[in-house]
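You will see chain A twice below: alongside chain B first, and alongside chain C after that.
For the complex of A and B:
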């Protein structure tokens, strides 16, 4: 790939014959970039069970990247350097290494664009294809190949992709993983048809087809080499209402994730939103049944996903509200979510001088119903048995097994020009066994969580923010309390101290404090922060994709910049 | 007309990209029973190490995968069931789960390769190293075995067992004959496995409490006869083609080791990357 990139650059510059031309070219060129370096120095911590032998001399860990993009007229090219030497604790050890895993070049005109090299792409909501990079998860499933987009008329966009996916640092070799090809088309009726340009009804239709090829080398099972996944989607806007929906159908795709069953996969998401001044409503329904779709049927870690299954759960960011995040269950889940946002008007009894915001959210995810199916060649029936159709499942039925429930209400209010606050209450049900993959018969975790966040501005530049949090549960590690104080001197400095205290742990010796102290300095687009303290063991999820984070103790440094 | 052309283009492109294969039952085309032979094979054999535990609900499926592969390839596939990690803990998973199938050697291997740390069931196929990762998920054992079997036959291992039922002492003679001259260092591990141990096993395929009370535990690693990492085959010299290197080992059987159900498994591996070049097995008693 490096050679290809150099060739492109060489051919490009070979045509520039004079210094004047070169100078002109430089004037028209634009170069942008961004960098981030996350370093850690791990230290032994007897209370957390971290010993010198566990660290094994690897006190330093480092994740870093640098992105450079060059643009000249219709042409653009870029590359990303990455280094994991070694990766930070909790990242896949296969990430260890350094190099340029992402190199690309694009030529785009008004109607066409051509990309070679690595690229990210998403069809619709991602049910058939979504390649993306998520730094906090150490996740990158970019495609390496070619992409063409074509927009013959304004409002009709077609895309075609062909390539293989990134798998840590492994170079693609024959049969090492599958080959992905896909096509997507989206038609915006209000743009294409002149008669609909001013219509009150907005309509967008889309469809995508994706297919993966992987050789069948299994001596026991007859495996499909070509597995396709197709989806249709609609967005319908009517005044203040917007309805979106996408349905995907995948043919038999026996894999390590579904334990080699030959069932078809189905995915459906429907969402409805309504928005007017001071009031908003959002509702969503989803159902996934055997929808894991990867370019290596044997892969079980966070890698080589071709598609993405959007979650229907709210993402929480406070220390304790994010303790039990939701992990999407591609083998089967059915759920819904509702959210209402209401702004209590200013100068009303409740709203006071500045008004008050109220947000209520409820989400629930259950297992799908699974009925036993015939085991071919026998009189027996079974659920999830390799070499069968896996299970049968009535489409709209919820199983009794609740994976997740989250009811939360958030009230934010400004009391004066200097003082504002947010109060959050959350009740959560969490199937720790399934969502964290323990399968140990652990009981569900039922927790009540309260957070009070207060911010006081001393001057226009100086502010103090405090978070006071509590989590109460009889399961897992018991009750927690957390405190965070952050002093900001805009626009350059911040100083933070925080502590999470597991005061209700059933094991007395584990009633630990996870304290942290950090400060940071920002100048223009460059930011540096240094933290000392403890990281508690837990799960980090982004969009329902999760990774485990082990407990650690030490110094952490982050430097980021962009230009 | 333009709209028709565009629509045709979309359909044509869609057809081009849309490829699929619908598989009809029966989906399983191989597997089943196979006789296990004796040592001295002159073909490249492959070792599947099935890291398992009696409390692991998905492990019986993995055991079936390994068994099916033996059904396809016969004695060219050798299996060791390594009970290690949390799911192999005795006294944790309810009444009857008090048998300790773990062994010191199994625990050492599990720690080194990090298998139970990743999760059970998982395994190793010939301890083949894929950029530092040895662990192979059970659904990939088939393709891995297929790939490993295509490797050259580099060493012949002949195992002769002499078991004294009175003293419960097993003496084993191992002869390794390299087929070509080699330059790396090679070690041999000789261990004992046992079949047909009837004890409870968790299995998510059965109803009720998900327990098979009389599960037939096969290929259970009992222990090593020459240490967790074995011994250098050639005592430090470069392996010479046609030369036979001989080793003798002995082990005293524990009370619950049933000699008639036991096998001696021997495998030769490259010390640099731990990857096997050959494995073979022989019953303890004829």
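For the complex of A and C:
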């Protein structure tokens, strides 16, 4: 708390350092802010198995935050207040509480910046370090410490960070979690070297080094106290082609996630794109092997990640297409993705008056191959045995175990000024056992999904949109159908009704309807929406990080604004 | 202790907010983000030679955002001829799909400037809670209007504002 006080006093005195300049300074100051309130009133629902005793008197729940940023020339500072009283269903119960988890001050000139307090930072793709917050996940791993960035010449940017990570509401005390240090540099050849400014080849090189310190308090194993993770990256542009790649290497880091094995970690991402006006191709390959990297080797939930392992799968957002989302497997996965975007030109036979968009995407993720390694002190070999090197794995080999497969095609077409539509088809393979952590030997889920979305504009401001969706599978909960109708009056109003019906559930009593009705009002940056209905049990994922949401029933309110 | 701090900071902020008699509009913060080619780009370089600018936050995973961008793109040529407006579409896609943004944008034949904000630094500095969120900036660099969410037809409302800004009129009544 002293820290907060000092900071505010500092901000205050920075503002009123000299009386004569006071009003002049105030004119140059800017204050920005935003807030959001997500509240729920939960009600019992026998069909969903939600009883009064399960709610246990906690009918009201809300997540909320308020953000304030102050800027005065080169100086800026800010804080965020958060409250989870209690947190909404499906958020980590350790979030319950309220306070100021995000307080910072920065001094920045054109070449130099210095930040103290909490900050978010990303090195490259995040394989070595990424701190970020994602409100919808309830995720925040900000570093609390100091950061310096320095750009001696345009095109050469260096960053250094030092600190400890946010862990819900728990304060850092000695050995309560690790300490993180990191350095990153990026060199843009075309900006730095004058001879290359107009070169056809664009080259950017980058490198990062991150180290965490955590005391070894394990009674059995001797664990590394300092674990370093280093990465190199390249972006190479040649006309319409862009090639990017990043490779990371982490020293052995026994943890609860990798079951205390002493294996080193590796991560590789390679992507290539080619695009011209009206056509885009994207392809990527990715492999992670034992790449979980956290401030606390004992933490297994969504917290204290130092790095970020981007998934190589498409994000789907319709009600039924997002039923089985992908979650990155940090202990090992290998996969690839292809995508083509094409715009059929206007006034062609297929394109019609307005043209037509086609997007085809395929992604697949398999397990890596794991071979047994020696168990020290015995003649035996084993896979993933604590205290061993874990496994050996040929770098480019795919295991037979498919975690995920997704073929999807989307066609969008505008028929007239008033009428347009999008048709989506998807075939997905989903390893429910691994991706949802069941470990029960459940069969993979194979699903066909179709979505037709149509929008009709009555006037320039009034429109009706419909989504007609189906998901067909023989596994898990069987077939689903969904319907959504949304009427909007721009720029202020929306009214939506929807239903998801699990009509093919193998258990007759579970063939439920998940109906919802909502409306909302938006004015400038303020948005209020009220929903009544049932939320289906499911998984919310952002960037391959997922959170399970239990089924619920009741009223939901969201108020959001910024200034 | 906590109450004192809250009180102090509230007082401080309001005193500043109230005394802003001249600086009535906000301006763009200085944040390093990326171009589609991977170069570092400072947001203070968002510039349109005295003409209006739209800065719109979007992402590949956000359907209404893509609809908004599509709507702008269809009208962009006409808008540019009439008002000289320039549109910056800032993608907040994270490392999962930053490399997919360029082929997507080209595949859609979008004409606006597209920037990448993979760790939401610019989004945070602009206090954007949810996307789509669009800012209108006048020729002097002042943020004169902003709107969150997209419904069919919002582009006409936005364009009315752009026209007013281009003509040097105030839009404070909206």
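Assorted remarks:
As a working rule, the second predicted complex is superposed on the first by the 545 of 563 C-alpha atoms of A that agree within 3 Å, B and C clash if a C-alpha of one lies under 4 Å from a C-alpha of the other, contacts with A are read in each partner's own complex, and residues count from 1 in each chain.
Keep this in mind: a residue touches a chain if its C-beta (ideal position, glycine included) is under 8 Å from a C-beta of that chain, and two chains touch if they have at least 3 such contacts.
Remember, predicted model here, so these are calculated numbers, not experimental data.
For the composite obtained by overlaying on chain A, chain B and chain C can both be accommodated side by side without a clash. Taking Cα centres throughout, chain A sits at the apex of an angle toward chain B and chain C that amounts to 150 degrees, reported as a multiple of 10.
Within the superposed three-chain model, A:160 lies in touch with chain B and out of touch with chain C [touch as defined at top]. When the two structures are aligned on the shared chain, A:255 is found in touch with chain B, with no touch to chain C.
Using the contact criterion defined above for the overlaid structures, shared-chain residue A:223 touches chain B, although it does not reach chain C. Chain A is touched at more residues by one of its partners, and among chain B and chain C that partner is C. Of the two partner chains placed by superposition, only chain B is touched by A:213; chain C is not. Shared-chain residue A:94: touches chain B; no touch with chain C. Of the two partner chains, chain C is the only one touched by A:359; chain B is not.
Remark: least CA distance from chain B to chain C after fitting both complexes onto chain A is 19 Å.
Within the complex, the chain C residues that touch chain A are 1-2, 4-5, 8-9, 12-13, 16-17, 19-23, 26-27, 29-30, 32, 37-40, 60-63, 74, 94-97, 99-100, 102-109, 118-121, 124-130, 133, 145-149, 151-154, 156-157, 174. The touching residues of chain B, when paired with chain A in their complex, are 2, 6, 9-10, 13-14, 16-23, 25-31, 57-58, 61, 64-65, 68-69, 72-73, 119, 131-133, 136-140, 142-143, 145-147, 204-205. Contact residues on chain A toward chain C in their complex (touch as defined above): 1, 4-5, 8, 11-12, 15, 23, 26-36, 67-71, 76, 79, 108, 120-122, 124-126, 130, 132-133, 135, 149, 155, 157, 186, 188, 190-191, 202, 204, 235, 237, 242, 244, 271, 273-282, 284, 308, 310-312, 315, 317, 339-343, 354, 357, 359, 455, 457, 459-463, 465, 488-491, 493-494, 522, 524-527, 542-544, 560-563. By the touch rule above, chain A contacts chain B in their complex via residues 93-94, 96, 152-153, 156, 158, 160, 168-170, 181-183, 185, 207, 209-211, 213, 217-228, 230, 251-252, 254-256, 259-260, 262, 297-300, 376-377, 382-388, 437, 439.
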